[in-house]
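To start, the structure under review is shown below, and the notes come after it.
Chain nomenclature is as follows: A, B, C and D, assigned in order of appearance, with residue numbering initiated at 1 for each chain independently.
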Amino acid sequence: SRFEYVKQYERIDRLLPETYIVIRIDGKGFHKFTKKHEFEKPNDLRCLSLMNAAARVVMSEFTDIVLAYGDSDEYSFIWSKSTELYERRENKLVSHVCSLFTSAFVFNWPRYFDMPLLSLPSFDGRAVLYPNISVLRDYLNWRQVDCHINNLYNTTFWALIQKGGLTNTKAEEYLKGTVSSQKHEILFSQFHINYNNELEIYKKGSIWVREPEENESAPSKHEKYSTKQKRKMGLRLLHVSIIDNQFWDSRPYLNILLN
Amino acid sequence: SRFEYVKQYERIDRLLPETYIVIRIDGKGFHKFTKKHEFEKPNDLRCLSLMNAAARVVMSEFTDIVLAYGDSDEYSFIWSKSTELYERRENKLVSHVCSLFTSAFVFNWPRYFDMPLLSLPSFDGRAVLYPNISVLRDYLNWRQVDCHINNLYNTTFWALIQKGGLTNTKAEEYLKGTVSSQKHEILFSQFHINYNNELEIYKKGSIWVREPEENESAPSKHEKYSTKQKRKMGLRLLHVSIIDNQFWDSRPYLNILLN
Amino acid sequence: SRFEYVKQYERIDRLLPETYIVIRIDGKGFHKFTKKHEFEKPNDLRCLSLMNAAARVVMSEFTDIVLAYGDSDEYSFIWSKSTELYERRENKLVSHVCSLFTSAFVFNWPRYFDMPLLSLPSFDGRAVLYPNISVLRDYLNWRQVDCHINNLYNTTFWALIQKGGLTNTKAEEYLKGTVSSQKHEILFSQFHINYNNELEIYKKGSIWVREPEENESAPSKHEKYSTKQKRKMGLRLLHVSIIDNQFWDSRPYLNILLN
Amino acid sequence: SRFEYVKQYERIDRLLPETYIVIRIDGKGFHKFTKKHEFEKPNDLRCLSLMNAAARVVMSEFTDIVLAYGDSDEYSFIWSKSTELYERRENKLVSHVCSLFTSAFVFNWPRYFDMPLLSLPSFDGRAVLYPNISVLRDYLNWRQVDCHINNLYNTTFWALIQKGGLTNTKAEEYLKGTVSSQKHEILFSQFHINYNNELEIYKKGSIWVREPEENESAPSKHEKYSTKQKRKMGLRLLHVSIIDNQFWDSRPYLNILLN
């Protein structure tokens, strides 16, 4: 039609080639959403499990996602730097990932919660580019350190309230300016909680990685796994340090997948 | 933490101010999705109603959306050119709209379909900028003309198959090169279908508009409706020509909302 | 060659259609450059004339530039919103304008200055988009008001130094916090300078406009001037208010050129 | 002033950090420009020398440029991936490089040409990002191979015309479809020209590299040269293969500068 010219106003948003794409989604207003649905504090295992289930759906759909890291109301999906899905169009990648995650979250809600949905959950999404593996790893480190910091704070905060009988305000004041070791100390001396014994999923967050089958021979250097091979790979959920070299050294195939 | 520097790799994606933002979402692989869920052909009223319900949720959430147009597996949301939501960040706007629409679609599915979801629906999204009202109207005209062309084709195509007993291939061949009037003629002479009597929702698609309350006095020139006023406005669903001046002339407040 | 793939790393940087493009260039480090070449303070007519000559070259080269505004070490070029030069590629437009301006500046230097160039002048450039005529006019107003504010300040500042015998620091202190009327007063009472009698080129800056020939009939509404007609138009240099409606009302053809 | 809000329409165009920036400039309409100024064919040494002189000025100004490659009417400037000049703003970098190059070209023209400038030379510029050293090297390879291909073609083409007496059209036809070895053969058998004996500057183009002083100790791993050290480095002009590993292996400090 004579109106078709308006299509040309669309901007071409191809992301720089050979660069790692990270798509991070984060729950909108989950402060309110978690309250309304009476989430356990500071961590609700049902929610974390639902988040992980939704992330699994996304990983299964997009074979060019190599691994994913999630905690709280967020999830980061790390793409192979050579992905050409949607010609690397930013809007397409971000919106589709975010939409599929949301779809899986809502659909699977009843499998994890008895309470029905009282309001609609939604997520925002963004793409960030990282040009080399070193800064990509720092990205993942950033998220995992953030998880740790928040969790230590929240664990102590809610212990002070739930077990110590403090008000929110008092607990906040109490923790103001305390460093990591002091929070450990508060937990231990006042509430007999050894933070190190807290669940790993709380302390480390969740990592989805693809895993080649045992008998699968890795492609030789400079070669890649085929899409078919990637589809056949298993998906494993971990709650370990992604900061330690150990994580990467013991999974050399990750570098092949990321390239 | 010392990893926080990676945050600086995020690109600032503020959309040009004082320019109409259109966010269009479109079902991913709905060719397959509609088959799997045995949608009626060429139009499934349940799906159109569900799409409209999901669009309503989006309109309710974002008061800076003035109107929305949908047909088939897509919906376009037209924002006030002066919106400053999320500082006009493209990724935020696109992903949140797309996610909320998906959330509402999945959540409300059982209200419209007896069959449970057999696969997860998802949508892609994009933002397009239009610098003036004239080209913005051409955008809407484009979508509505597209709806009309597709619907006339599909209606004739499926009549040939369902009532005329043709195979898909035969029907396609039969229609190749035919113009609009010839399709009308085929429908009428062979199947006694007067295309003009088809449901308006099929022929025109769906339009959500905000509507001021009867007694609401419009703001005087250069003034705007307050967010409170916008939230109190009703939402009306229409299946009319958005191309005719009549649509715009009878709703002068739309220009105030769009500005 | 097998290396050609690297070409695909170029980003497509088409500017939004039907939107006014402003390209502003500004002298790099002219604080130092003007000192080294002993420019007269606060305004050196030779430099302003050279800037205007260079801008004229740019206007002559690009017929889709409708008007240009310059003062101090900067110049803004206002393009027709429908220009399709270089497919509206930002890098191309900015770099070519900036390069041609620089070329003309260096080439014509000896026509305006006796002193040879002691260091190489250069300019930075940028493109800014304005979606409607009202904000485009505000852009021009912004530059002209800026010219006025700076010129009034500089005129008073240098009078205090050159005629009042103050040091730079003293003059700065003296002017701190003074408003416009106080500067007028200082000039008048202390130095018998009526600011209103200063040269218009200092107070208003410089405007290049295209001008149709007397007997040229303007194209009727919705029509445009042909490239040939634009090339035949004269170029006129003005030092008047671009803020007053009078400027625009007396040149209705500007709107045709800008569209 | 109340017009200052228009400043906010400027887009933030920061280039991705830790990524190699290449700025390539190219003469506008040099086909015509070289004709008008009666350049020697196919290579005019005066022009190449002038281009190299202008590139030297750019290298001297911006210490974060590590090396530059030029041939014909173009020059590519390769920046350290960690440069933070102008906060990596694309418009700033491209326009300033392009403007300074132009300035130097015009200013130095009389040092290389007897004929005065009959028209104004200008250049366009663009920025391209490369995420790793391998693709960056492929970029440089691409330009040098391009130089070789064009030069072999042009040398044969102009031999056929100037020495063989063919018309332009005939020469073009004659060369259609010939491969590299055939052009070598034509040159040798018909004109006794051994292509390998042509000037290296024609065959390889020109490379500017920074060079540490002899006694300068390279910074140890992960360390960088200081700006002061970079400013003290010499600039050397080469006409060698940039494709061979030899170029890079014999200059390990280049990697330090590029990082």
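Please note the rule applied: contacts are C-beta pairs under 8 Å (C-beta built on N, C-alpha and C of every residue); 3 or more make two chains touch, one makes a residue touch a chain.
Keep in mind that this is a model prediction, so the values were computed, not measured.
Between the contact lists of chain A and chain D, the overlap consists of B, C. Comparing the CA-atom centres of all chains against that of chain A, the greatest distance is found for C. Copies chain C and chain D of the same chain sequence form an interface built mainly from equivalent positions, shared numbers / all numbers used being over half.
With each centre defined as the average position of its C-alpha atoms, the distance from chain A to chain C rounds to 50 Å. Separation between the centroids of chain C and chain D, computed from CA atoms only, is 32 Å. Per-chain Cα centroids separate chain B from chain C by 45 Å. Contact of a single residue of chain A with at least two other chains is seen at positions 9, 11, 16-17, 129, 135.
Chain A makes touch with chain B in their complex at residues 1, 3-7, 9-11, 25, 28, 57, 90-92, 94-96, 98-107, 117, 120-130, 135, 138-139, 141-142, 145-146, 149. The residues of chain D lying in touch with chain A in their complex are 16-19, 81, 129, 131-132, 135. Chain D makes touch with chain B in their complex at residues 8-9, 11-12, 14, 16-17.
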